[in-house]
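Same chain, two partners: chain A is paired with chain B first, then with chain C.
After this line comes the complex of A and B, so read on.
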């Protein structure tokens, strides 16, 4: 969102989860525009990309845990912190936890907490402390316990509903996720409750700003019009209106309207009801200190070196039905995916399929040369032949299992626009292969591109691989690949 | 018909045609009251860039004003409020983002498109403090060779309300600090901020973590600059701060230690008292903020958190005077300037000055007492330490431009990065 807002965006307002991103946007904008006017400004207050802004709700970022898991950690009798979770995760191989990637506020907070703990600090984290070898070793150990990264809360909640505690014991999320789960899943579906652990070292807040962009100062960029200003104001007024603020409270947010008490009868924060004791409006007591933008950048960059590595196969339909705009958009989407994979230990391979396996590029570390080779190969993809979908997935899984070292996240991202018609293997063969591996089987993401894809088969494959099934069309296939790349 | 008579009749015909066309155009544009030579618009719009601490009061006053029968030369006045932090506005004036004309260029020399662009030019500015006006004037003096906001005469800047910076600390935290240090000032706050053992070392609850200072980001909120000036004032024990003072390495070390106790400078509002209410003691135990801001958010703090704020007046006081400042350049018309003055008179009326009390603002009109209205926040929050008469009178002097710029650059290099 930050990158898109810098360069002639097709939108005029943004609403990220935290104003932390607005700060990063303004810093980047100032860096881009400083000196452009041809003269040094007398007042060193940078040109701002963000105009008006309003906050409509806040929610602290907490460690969300099953109530039984939280009690095992000592909750609610003793304070629980980031360090407790990190210690447990590194000592108990059965303890499963997750945090999203650093592109979300929740993921960034969890990562910062790891760096603070690794540096032996609770505030004033510096670049030197964040990049010290001991810090990096500590963070690497903690990150090796992560199940997977990813988009964030919604996907986790969906899988918790399906798999319960088998999926995760704890995850990093906004407090409102706990409230919403208890309302919809615990109360209505009989699932176990989640509770919010407010980390003793400090939480962080999401503050949901709605911000208008000041457009028009860049060449070929349309200025924000008066009508757009008025529309922004009307929408901001709507979000902060009494009705919407009450709806936000009911959904588990802490509304920005300060006349609304959190503990009133009927509120999810009240001492009665399904959320009683699971969340506490008097918390958090303290907040983890957010370092300056330069240190945050260092943490985000260094995290790529410490995070769990990935082995991922892109399994791509290059059959005849993909000809025309579809293959063009697929090339763009794959390029975006490959460019997003930045970890120096991450390996990417690609399998093109038609009547059979048309091209097999084995896993390779994405250094400059390998990345360039893979991009050339993507650019040369041509559509022809039938659809040997299962054979291609089978080949990817077999190779991952042969190479697996247990340290990396093994994954397959499969995309097709058609129906299986050319494979020698069947679904049950794939299932047997996945079960035959010694370690954790590869996670399989499947994408149905367009309306003619065999969604039933793709859903079945995703289920076998413990991954996700997603739909895409020509307009959002690139964005979907970009999102999936955040899982690695 | 001779040649002279033909020319005479031709001239008369052309004159009649011009007059007719002029009448037709004026009729279409709705200027029914206008004669052939006097243009009077249907409505005069006044755009007022307004500092955030007075925005709500001024916006509500503008709504009342617009609903009234206020006119200038017979044309109704419509006031538009554009909320903007004083420092952000200063940056826009400095970069000439509002589009002031170059010296010697008159609006009538512009193309219709360029004239239309001037429609959104601000008529007046209410910054937080008059020193911002002086900085804007300094910037335009370099560019245009003259002041654009006047300090005397009819269009001079006049304060519409005042407020000052006070300490706001959660009661529970203030009690511990007062017990430990006896007094709240920047030196004791510095000691609390740098206590290695955090609150337990100071005698507070371990769950409170470290002492967390609330200070606005000076690059986003003019209150942050005011806080740094006040810190310097108490560090040196005087009201007049120089560039040498703020570049002193010992002072800078002390200042950096203080700033190291701020939890987050990236907040959307860059720390105002609203943050106290939204995030509570988790983000800040206390800080020096504008009195009106603290008073406006006191109810929200009590609604959301169990711990009310205590207000403590500092030894060295920084005042904001919110001057109503009319742009005197040719970008706005005389009618617009006079309409702006009409709105300024409305804000200074006893009725509106009393209404300012409900926003925690002290009236600029000395005849209005701070307890004059039953809605006055000075009455409502008396128990939290707010005082109708400010107990100390040592006011910090307005810093000069070089001091401000030095502090801003220091922040950018040492904290903002």
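After this line comes the complex of A and C, so read on.
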């Protein structure tokens, strides 16, 4: 959203989950306009990108957990914090939790909360405190127990509905996600309830700004019209009206209007109904102070040092059917993926397959040299031969299991546009291999590129690897690889 | 036999030069037009390819009239359904600007 808002957007207003993104947009716009970055940069008055803004709802960032999982953590009898989650996940390898990537509001706010907890602060998180060795060690310990990162809450909820507790025991989300789940899934579909655990160390909030963009300062873009300003103001007034604030409360958000009682009859925070006890309007007891943009940037950067590292194999179809535009788009998508992997300890390998394994690049840390080598190899990929899909996945899994890197997230990202026709191994061999490993098996993401891919087989492989199956075409394959990269 | 002496007729020369000039001009114009069409076709084909496979073509900018009162809002995926419903209610009020333009809010999930 921030990137789109910088370059002739197809919208005149934005409403991200957190005003953190408005700060980022301001910073990026200032850097773009003034040609400078950082605190020294400034843009002339009247050329700001963001105009009027209003906040119309809030929701604290909580640890959403199945009620049974929450009780294992001591909820509701004792307060639960990040360290408790980490301890349980360390003692019980079957306990699975995650927070979304820091490219989402929930993920970034949870990460900031972890840094606050690590620094032992609730206010004034400074760059020094965020980068202190004790803070980094604390965050690293918590992050080491994460199952994977990934997309936002809406994708997590979708998978929870499909897979239940097999998918995750707990995850970071806005409180509103818990309320909505209990109403739509627990009450109506008979699923177990989720409960909101408010971290005892304190929580940050999403604050749902609605901001008007002042377009037109670039020569090649249309200006926001006076009438659009009027519509913005009318809609902002509408959202903050008493009636709509009540509607937002009914939908699970806390209204921006603090005069509205949260526990009135009919409210999701009332003592009756499916959400009774699952959320608590008196919580969080401690609200953390939102750090400034500079500290947020520092946290995002040092988080890469503390996050769980990744070992990921890109298994890529380079068979004859991939010739032409498909191989061109694949090269671009893989390049985007490799460039997204920025963790100093993340390792990436690649297996190209055709009749057999055409090229095998073992896992390597993505430092400057290795990244350049891999990009050259990607650029040199050519399409020819058959489709030894299972053999290639088998080779990737076997190598990951042989390395037994318990600290890292092991993953395989497989893409094909065709049907298996050249492998020596069969699906059952891959299944046996996955079961034979000592630790947690690698997560396998599968991508069907185009209409001719064997979706049934790809779904089966993703299921074996506890990952996901996705479809892509030439227009969105790059975006899909970018999304998958957020899981690591 | 007396060899007849050939003498150039100035009128005839002028006509010949004129015809030659006309033919050359015709070929030049035709060549220029064919070349232009050819180059345009190449460019169009390249654009089509670039667009279809999403390389570095410039994004198509959204346009609106100078008096437009339609506001498009990019919204986070979690909030989008809620704001979509509220935008629908807002649009149902049929508000207009002082110059009579209908106020309309569109929500796109980002």
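Here is the rule we use: the second predicted complex is superposed on the first by the 346 of 488 C-alpha atoms of A that agree within 3 Å, B and C clash if a C-alpha of one lies under 4 Å from a C-alpha of the other, contacts with A are read in each partner's own complex, and residues count from 1 in each chain.
Heads up, the rule we're going with is that contacts are C-beta pairs under 8 Å (C-beta built on N, C-alpha and C of every residue); 3 or more make two chains touch, one makes a residue touch a chain.
Here the structure is a predicted model, which means the values were calculated and not measured.
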Which partner does A:222 contact after superposing on A: first (chain B), second (chain C), both, neither? second
Pick one for A:335: touches chain B only (first), chain C only (second), both, or neither. neither
Applying the document's definition of touch, where does A:23 land relative to chain B and chain C: first, second, both, or neither? first
Is A:55 contacted by the first partner chain B, the second partner chain C, both or neither? first
Please indicate which partner A:262 is in contact with in the superposed arrangement: first for chain B, second for chain C, both, or neither. first
Which holds for A:13: it touches chain B only (first), chain C only (second), both, or neither? second
Residues on chain A in contact with chain B in one complex and with chain C in the other? 226
Listed in rising order, the residues of chain A that touch chain B in the complex are 19-20, 22-24, 37, 41-48, 52-53, 55, 58, 60, 79, 122-124, 200-203, 205, 207, 209, 211, 226, 254, 256, 258-262, 281-287, 289-290, 292-294
Touching residues of chain A toward chain C in the complex: what are they? 1, 4-5, 7-17, 57, 105, 152-154, 174, 176-177, 208, 210, 220-222, 225-228, 230-232, 234-235, 238-239, 244, 247-248, 251, 253, 325, 328-329, 332, 474-475, 478
For the chain B and chain A complex, residues of the former touching the latter: 83, 87-88, 90-91, 94-95, 97, 120, 135, 138-139, 142, 205, 207-210, 212, 219, 260-269, 274, 277-279, 281-283, 297, 299-301, 303-306, 405, 408-409, 412, 415-417
Touching residues of chain C toward chain A in the complex: what are they? 49, 52-55, 59, 61-79, 82-83, 86-87, 89-90, 95, 97-99, 101, 103-105, 108, 110
